[in-house]
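Chain naming follows the written order as A, B and C, and within any one chain the residues start at number 1.
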Amino acid sequence: MGKMNSKLKFSKTTKSNMITYLIVAVAFVAVKILLAGGHMSSLMEGLLVPLCIYVMLAVSLNLTVGILGELSLGHAGFMCVGAFAGAFFSKCMKGAMPDGLRFLIAMVIGAAVAGAFGILIGIPVLRLKGDYLAIVTLAFGEIIKNLVNVLYIGRDGEGFHFSMKDSISLHLGEDGEVLINGAQGITGTPHDASFTVGIILILISLFVILNLINSRDGRAIMSIRDNRIAAESVGINITKYKLMAFSISAAIAGVAGVLYAHNLSTLTALPKNFGYNMSIMILVYVVLGGIGNIRGSIISAVILTLLPELLRGLSDYRMLIYAVILIVMMLFNWSPKAIDWKERVREKYFSGWKGRKGAAGQVSEGVLSKGKGGK
Amino acid sequence: MSFISYLINGISLGSVYAIIALGYTMVYGIAKMLNFAHGDVIMVGGFAVFTIVSTYGLPPALGILVAVVICTVLGIVIERVAYKPLRNAASPLAVLITAIGVSYLLQNVALLIFGANTKSFTSVVSIPPLKLAEGKLMISGETIVTIISGIIVMICLTLFVNKTKAGQAMLAVSEDKGAAQLMGINVNGTIALTFAIGSALAAVAGVLLCSSYPSLTPYTGAMPGIKAFVAAVFGGIGSIPGAMIGGILLGIIEILGKAYISSQMADAIVFAVLIVVLLVKPTGILGKNIQEKV
Amino acid sequence: MTLLDVKNLTISFGGLRAVDDFKLSIKQGQLYGLIGPNGAGKTTVFNLLTGVYKPNEGIIKLGDRDITGLKTIEINKAGIARTFQNIRLFKELSVLDNVKVGLHNHHHYNTLEGIFRLPKYFRVEKEMDEKAMELLKVFDLDKEAGYQAANLPYGKQRKLEIARALATEPKLLLLDEPAAGMNPNETGELMDTIRFVQKEFGMTILLIEHDMKLVSGICEELTVLNFGRILTQGKTADVLNDPQVITAYLGE
């Protein structure tokens, strides 16, 4: 009986994960068909890679916010680090090796550098709690963005030159080339990003995160989220697992950054793309999709990225409507009164129908998950 | 001599941060929420004065009065409509995201009404600059007014919290809502009052900020809002003297950092100092250390 | 053979001596009770034994090992597991996973083996599932294995906490008011379970309890704490008949 139970549970999570992969695959095929038939506007086509980037960012932030249970407002900072590390490598190595291999290595480097920053920042930061942690991660994100803006790296016959002042103080030789030019960033990163690459990266991120969650380490991470003191009392190394979740989350954001950098000809660190506003936007995806609900993050990232575009007809009013929808959705889904009301309506009109509960281990309280009645 | 002038400018900017941070810290103390829309209330205050003074040519004093009234009402409405329903939500993130929504809303309403172009704000201060040390040291009227306003606000707020019944109720509610309710305190009213005061302070800060840095856009409030929050955390969030000290220190660090290290790095320096302070003292300079009971 | 040996244990909070000159000696396999009025410092003793607080003075020895001042996780690895007065489960996790977190340090595979689902992952997970189900069966929780822990009724939550503590394979089990909030029937069942754990697992158990029926029914020896100091120590029957103890509990 007991064994059956545990087996049943195992297959249930596996099934749920399979559905998540399937959704991504179906979306991929659908987009490809639309593209082949010429049914997609160039505007939409241009959104495909950014969509993949936002999905990766949302999914990875959910690892920190939903699974580890710590509020981070600096996720864009890790994306920034990954973007610059990857673009820097690509710029240095352009033509020196096959493009595919170079892009692959750029991603590995982006992941590694962002992951390393995750550990570096995580060690001091993860000792703090709640809102203090939130503000310090925000601070780190802003510092990263600021530092990148005063970073100058050039290369000439003698090797690499480095400065924090301006490109002249690099003292480059005649054959020299400025690789990272402060606030002007990196120009001429090869355009390697594509929708297909984006989807593959999403699938890899999902594979890593979902399998991590459903493993020994994932349980340890979630135990810290649920009760730190109890986790310590059964011998869970808090620091180790917090850092693990935080750095894996950062590494995936770093890969998203590499994809971002290889989708643009010029990479600069602006408040718009790597500032705290970006981190907050990703957090909005995570919360609306369901804290701890990975599939919800994917769906909400897609919907919320498309929403302003779909509202484009309303021109000036679109961001206003977006804000109103955001507030109303939050009130409707989280306020105890609205939840009660929905419960009553359900009992009155759908009394025969039993709402399915989200499986243990992942909370499903988001809009999208709720609408679908499960995680 | 330039050091002293930087220092005074720092104190002036710091006074603005302190005034915003006071609102932030009071709201945080009582509602336990990061009110991301607080910075945008500053912007609303700025635009209110801009409209009255620059568009209609009415006296600045009236402008300030109108700004304070608009922001106070705005603060109460935001709390009532967007935050109160989520006070007992299952996750504290819910109200945080709603606050972000409110922030977007205010920015975009301002964008619709006033457009994205930077408005140049006419200073509401008409005091001539003060010349000291044979003209080597010049302190602008705005700086003087800002610092004096900061001092007045701090004194009034401290007296209000410590000497009045409403102020004491505020402290009680921020300590323990349930117990305060049992003691017969009107919790909803007290929370609304806190938002009202916080927003009125934001209006004052908006006027002062725009007088010293006279450019106004729908996004003007966002960064000062974040910095004021940093100041509040820096001083120990929930603590009124902490917010004052945090705000002023932050202003000084920012101006001195800009002057002596790098103007591009000023924000990074501010944030770095915050990180260092929190690592040494995780609850800020004057924050209480609360240990979780096992 | 003495398993736990505590001498001269003292801790003060802001001048107040919460626990003062505490000593305790528990033999291997013994069921030992720690009682006393509210605020006597019982839970503080548990917190000292499990490294939540560092003592100002004193020595704690588990077997031959001095564990004074170690961190909570080190102490758990050394062999002390506990439950909490205010239940602390991993609420969002399943009942089974709660126990599997307890098994964490005894069943290993690394992160990459977990992410890439290498054979070792399946082997160890199966091992853990079996072990956890075995433990759940002892506490009659096997049918609820797939439930979210937060959805268990109160009494079962207490049992799950004990199961989770046992999963860490401790030498000494600390139970902080295991019968709190239980009805007499549930308490009776719990007494049977505790005795079963003592016999079947050969477990040494130290428990804090207010339920005198439970204490007198299963504890072999008792220590009574009052205002942070030991009032008396000895065989259960002797202690409970001590007039000092009666005064402490009922007042003058």
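The working rule: a contact is a pair of C-beta atoms (placed from the backbone, for glycine too) under 8 Å apart; a residue touches a chain by one contact, two chains touch by 3 or more.
Just so it is clear, the model here is predicted, and its values are computed rather than measured.
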Handout entry: Interface with more contacting C-beta pairs, comparing B-C to A-C
Key = A-C
Practice task
Find the chain most remote from subunit B, comparing centres computed as mean CA coordinates.
Solution key: C
Fill in the blank from the handout: Per the C-alpha centroid definition, the whole-Å distance linking subunit A and subunit B comes out as 31
Exercise for the section: Express in whole angstrom the distance between the two chain centres, defined as the mean CA positions of subunit B and subunit C. Expected result: 49
Practice task
Provide the C-alpha centroid distance between subunit A and subunit C, rounded to the nearest whole angstrom.
Solution key: 41
Exercise for the section: Could you list which residues of subunit C touch at least two other chains? Expected result: 52, 84
Fill in the blank from the handout: Where subunit A touches two or more other chains at once, the residues are 229
Problem - Sites on subunit B at which at least two other chains make contact - result: 294
Problem - Sites on subunit B touched by subunit C in the complex - result: 294
Completion exercise
In the complex, the residues of subunit A that touch subunit B are 65, 71, 124-125, 127-132, 134-136, 138-140, 142-143, 146-147, 149-150, 183, 229, 276-277, 280, 283-284, 287-288, 291, 316-317, 319-320, 322-324, 326-327, 330-331, 333-338, 365
Handout entry: subunit C residues touching subunit A - in the complex, by the definition given at the top
Key = 50, 52, 72-73, 76-77, 81-82, 84, 88-97, 100-102, 104-105, 107-109, 111, 114-117, 121, 124-125, 128-130, 132-133, 136-137, 142-143, 145-149, 164-165, 167-168
Completion exercise
Within their complex, subunit B touches subunit A through residues 28, 34, 36, 82, 85-86, 88-98, 100-102, 104-105, 108-109, 111-112, 222, 226, 229-230, 233, 237, 262, 264-265, 267-268, 271-272, 274-275, 278-279, 282-283, 292, 294
Fill in the blank from the handout: subunit C partner, complex, touching residues on subunit A are 1-3, 5-6, 8-10, 207-208, 211-212, 215-220, 222-223, 225-227, 229-238, 244, 292, 357, 359-363
